[in-house]
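After this come two complexes, each holding chain A, first together with chain B and then together with chain C.
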Partner chain A sequence: MDLGAIFNLSTLMNTINTATIVVLAGLGCLMTDQAGMMCIGIDGMMTAGAFAAVIGSWLCSSWIMGLVFALAVGLLLGGFYGLFVIRYKSDEFIIGVALNIFAVAITTFLLRSIPGQSGSFHPATGAVVKLPSFSIAGSNVSIMVPLSWLLVALTWLLVYRTPLGFWLHASGEHPESLRSVGRSPERMKYLGSLACGLFCGLSGAYLSLGYLSTFTENMSASQGYVAVACVIFGRSNPVYVFLAALLFGFIDAAGQRMQGIVDPTLTATFPYIGTILMMVILAVRYTAMKKKRA
Partner chain B sequence: MKKALSLLLTLALVCAAIVLPVSAEEAKTPSLAIVVAGSFGDRSFYDSAKEGGEQLESEFGTKVLYIECGEDASRYQRALNDAAKECDIVAAVGWQFYDALDTVPDNNKDTKFVFIDNAMDEMPDNLMCVTYAQNEGSFLAGYIGAKLSANASIGAVGGEDADTINDFLIGYEAGAKYANPDAKVSRQYANTYEDPAKGKECALALYTSGADVVFAVAGKTGEGVFEAAKEYGKGVLAIGVDGDQKYINPDLIICSMVKKVGKSLYDIVSDPDSYYKGGEVWNANMATGYIDVVYGTEDMPQQASDELKAEVEELKAKIISGEIVVPSAFE
Partner chain C sequence: MSQAETVISFRHITMAFPGVVANDDVSLDIRKGEVFALVGENGAGKSTLMKVLYGMNEPTEGEVWVRGQQVRHFSPANAIGMGIGMVHQHFMLVPSFTVAQNVVLGDEPRKGLFCDFAKARQTVEDLVKEYGLKVEPDDRIEDISVGLQQRVEILKALRRGADILILDEPTAVLTPQETDELFAVIRRIVAEKQMTIIIITHKLGEVMAISDRVGVMRAGKLVGVCETADVSERILASMMVGKEVLLDAIERADSGEDGVAIEVEGLRVRDSRGLEAVRGVSLTVRRGEILGIAGVEGNGQSELLEAITGLRPIESGRVSILGKRADGLSPKAIRALGLSHVPEDRIATGVSVKADVTDNLIVGKERRREFSALGIHMKRGPIREYAKKVFERFDIRAAGLDTAVGSMSGGNMQKVVVAREFSFDTPVLIISQPTRGVDIGAMDFIHQQIVEKRNAGCAILLVSADLDELYRLSDRMVTIYEGEITGEFKPEDIPKTEISYYMTGGRKEARA
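And now, the complex of A and B:
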């Protein structure tokens, strides 16, 4: 068994590049989880963001406009989620699932009706401008990668070191105590869902303009669900979520390179086997902690 | 007043329903439904089928229905049943329809079914299978790849570990070894036909491991292979599949191994008497012109020299005459 073929620089770059999609979406999801209304609609928000980014970049021939479009669509969907969950007290999972289904359908419909293309976006005139990137050790890295790391640090600071972070947490945990100090839990929850939309917009923009340079139908390929899993493992701590996303990315990248040794249909299940293993570890640790407390 | 209005509207609707079908003009061919397992827009396999349908529409005014299943296996059977009610001939495009076609033709005796890209052992009279000798075309692709590789190391990204895909890869490997017995051929399976991001990672893994020509055999996932070639640079190349894909990036794509799905559909529907043979498997191969290697149009930069192209023509003749027998995954 040639370990050098599995654990090398290209595996590392693969891990980092693909994990960034999950990291950004995970940050969004944890903002809602902190506010006590975990959004599983992030997969749909990513798809919509990816679509908006490509359309913006193509219409205005500028990646900045691509980002702006993606963030705007993210805000819109985040607001939509907030409106239904906070104002109309709908079930957050139902709304999340609805968002996921809706986003795939609407982007497919718009792709076929506005530019009139099916499958993927390949404009006849004009071009899709990608996000800037730089080269490390022969691999292309989008600026969104270091930006995502910066955002992990900033989100951590926001959540654990600022009053805003405490209020956000309180809005989910003890809305009444937050109200008693004169803060509106609803407003905090809206903030969480809007931030979720923004992060997912970024994630989508990275997927379609940073990592690839096109939009394809159902582009998120269920990465949003992986992000939700990472948020659960990382217990909504941005740093842990980041590490969980890297671990998932690594399992996927290493599994892909093990195809020569292990059956390829089996390597495809590695990320899921990883999920189950982590689930078990987490469950064991929780029960151990509960026993200690008792 | 309201009642009268609604009555009027209902009447208008009923009249329209009766009048409209009569006004539809008579087509010269049977109507066709193209049901694809994935979705259109892959600029490869499914789009080739669509081209055949569009050609029929424009030349004969054939009524053609396009139905996508979006890789959702639960839709296969339903889509075929629905299509059978609307059209005379139903083409199931994609090897994935294997299980669905077990029962659907028996339940729709009046409809003719065509199974594209796979064969079944036992078939009812209203089902024919079309298989393509992709191993023959891939043999040429492997030969070209090995000849253009600087270090005799090439690779391929397959959609998944399935017989039809492996048929490509086995032919590709045989062609590479024919060109250079020491050639190293590595493969990666993306396990999806719809995710270019996955295709890109697979191709990057191959390029970084030393392969400098990568054959994309994965539908829309293959788009990621071309992205990877562009990003990796250093003179690496790619080979397209099913349709003539060179136009996607003429600087990086040497040639495409084409599988003329559209042409076979066109032939079956425009001339069912000579082409539709229920209960039989039609092997569309290089000899009959349904499998080939193409290099885009004249104005595109060509990586393959005229000499190499001449060698490929010779090989083609040898495959057609049976002098070279290309190994297959279906043996």
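And now, the complex of A and C:
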């Protein structure tokens, strides 16, 4: 096997591309995890964001409006998640799953009713404006890539260096301690949910407007679940989550490269096998830690 | 100190929760610069009253005045603003944060957008110097002892400028040495900073050691406020438990049964924190006898019963039920030896609050042939018929057999537990707090049932925080203090005021 066929520039670009989708959603998930209400509904939020971005860009012929639409939908779904989990004390897992199912169904439905298409949305060339991009070493790179890196750094600062980040974490780990010093843990949890929606909106916009300008049914392809795995694996630390997303992106890209050598249906499973391995490592580590504590 | 000004004034405070009145018309003045102890049994309403002061409960009725101003908004933020700090029984600390982070939580020093860690650390170091409470600002809460965690809580309150400090059961989690250190700190901050301290406890020795004045609560009411110097532990103990309920005597009969049914020898048990809660207890209960265990709560009674019934592992010692070894067996196996158990906390362990009356009554008998086919298929018909019989016999008052037990009153819930356990018809009964929070009617009924069991030849081990109950039911009583048996009496031989002395640490030989 020619390793050069796997480790080359194209693989690197694919790695970064996939990692960007995952890390943006992961940052969202992390905001809810810090607040003690980890949202697995990010997959659905991404799908809805991707759809809203395409529609926004198509209607207004502007990528900015695409982004605005995606962020607005993200905010809406984040608020919905927060409302049910915080106010109505529903199970976060159930609401998360409901969001995922709902997002696929509603986008499929709206795809048929707004542009009147089914399966996927392929508007005339130029009708949908992509996110801006620039060129490095002959490769096209979306601005969302450096933006996501910036966001990783900013989120890290927020979580580990600002009072707001401490309150967010306290609202998850020990909400009563926050309440006893006169701060509302619920407010922090809402903040986490809304931020989650925003990040997922970005991730969705990148999914549909980053390099493509199309929306396909079930576009997230369960990468939201991978992002959840990255958050767990990265223990909710933005930098670790980013590294986990890169690892996942690499497995995905390398799998694509190996399609010529191995059956492509098999290589397509690599990222998910990688996710399972991550979880196994985590479980082993967790059990060891528990033993140590006991 | 009697001339000192009043800093806090509770006026006719009533705090009602659904189904319970936790504080009933409480009026109390706290003076500036005093250490005020608030004592009472668990559930007497001490913590509830203090949570009103700290703004965590808004009273149903009544007013709170702080330094001559009426409190209008009940919130912790407002209480902090008025210089009130509270160290909760369960610490309000974020385990993964450092000491400094916790001390400044909610009001962090800032440098621009960011938290100023250096300043936070400095703040802690300054407080440590000023009050002599040694802690390391960079240690993580999850890595330090509970004694140190408590210091962090105190520092947190002091940093917020508290000059009224509420300590909720501060010594419950401390070792004796840590307790001494805490008391030294309290004395120092009162003397040097003129702080006002309110300490909630049920340990009377500590009340005598640290407080200037003491208030006693019982069943939501403030039953007395005294200068500590004017009272003794014995007087306080009788104030805490001494409710006089006039009930008719229950007829006792000799069953003719005899022989030892419960035998406990040298039993040692650890509590959930790993501390030794039962320290070498030995006792026997014969058939046709009720042995009452008297003690202030938290002196090992719960652990003792849990150990006997197999719910808690035994360190050393021996338990026999009807002549058969029971230690080391599972709760199910112990029950099979002929034991039933009415647990102390009916909601946590006594019933399933979501299930209906029928299901709660049948639990434990569901595999019997008359109720299930092959132990799989439940025969609803016979089950309902059986439940209906028990329901009527025990006079359970509920809308119907399909009422969720959680929606019933405490008394009826307790009757469900008693009905279920008593209808196992076992020769040994372990009963804990059979009538806590139960109205007098239900209490009398349950008492009758207990004595009826005794008359039928059962051996009954009874733990209760209610001395009247113990006196009414027991044939023999033992007192327990800090996990050890401190005395054995016949109820007719010892007055209540005297037995409370043994419950608070007095010894047989100390009886003069």
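As a convention for this text, the second predicted complex is superposed on the first by the 274 of 294 C-alpha atoms of A that agree within 3 Å, B and C clash if a C-alpha of one lies under 4 Å from a C-alpha of the other, contacts with A are read in each partner's own complex, and residues count from 1 in each chain.
Throughout what follows, a contact is a pair of C-beta atoms (placed from the backbone, for glycine too) under 8 Å apart; a residue touches a chain by one contact, two chains touch by 3 or more.
Note that the coordinates shown come from a computational prediction; the quantities given were computed from them, not determined experimentally.
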*Should the pairing of chain B and chain C on chain A count as a clash or a fit in the superposition?*
fit
*asked:* I'd like to know which partner A:Gln259 touches here: chain B for first, chain C for second, both or neither.
replied: first
_I'd like to know which partner A:Leu150 touches here: chain B for first, chain C for second, both or neither._
neither
_Once chain A of both complexes is superposed, is A:Ser118 in touch with chain B (first), chain C (second), both, or neither?_
first
*asked:* In the overlaid three-chain picture, which partner chain does A:Ala137 touch, first (chain B) or second (chain C), both, or neither?
replied: neither
*Decide which partner touches more residues of chain A, taking chain B and chain C as the two options.*
B
*Superposition-derived angle with apex at the Cα centre of chain A and sides reaching chain B and chain C, degrees in steps of 10*: 130
*Between chain B (first) and chain C (second), which, if any, makes contact with A:Ala288: first, second, both or neither?*
neither
*Would you check which partner chain A:Ala268 touches, where first means chain B only, second means chain C only, and both and neither mean what they say?*
first
*Determine the nearest approach in Å between the Cα atoms of chain B and those of chain C after overlaying the two structures.*
32
*Which chain A residues lie in the overlap of the chain B contact set and the chain C contact set?*
none
*Tell me, which parts of chain C touch chain A in their complex?*
56, 75-78, 80, 86, 88, 90-97, 101-102, 105-108, 110, 113-115, 156, 160
_Complex interface listing, chain B residues touching chain A_ = 39-43, 47, 70, 160-161, 186-189, 191-192, 194-198, 200-202, 204-205, 208-209, 220, 223-224, 227, 231
*Quick one: which bits of chain A touch chain C in the complex? Just the residue numbers, please.*
157, 161-163, 166-167, 169-170, 173-174, 176-183
*Of all residues in chain A, which touch chain B in the complex?*
5, 8-11, 13-14, 17-18, 21, 117-120, 122, 138-140, 207, 211-214, 216-219, 221, 253, 256-257, 259-260, 263-265, 267-268
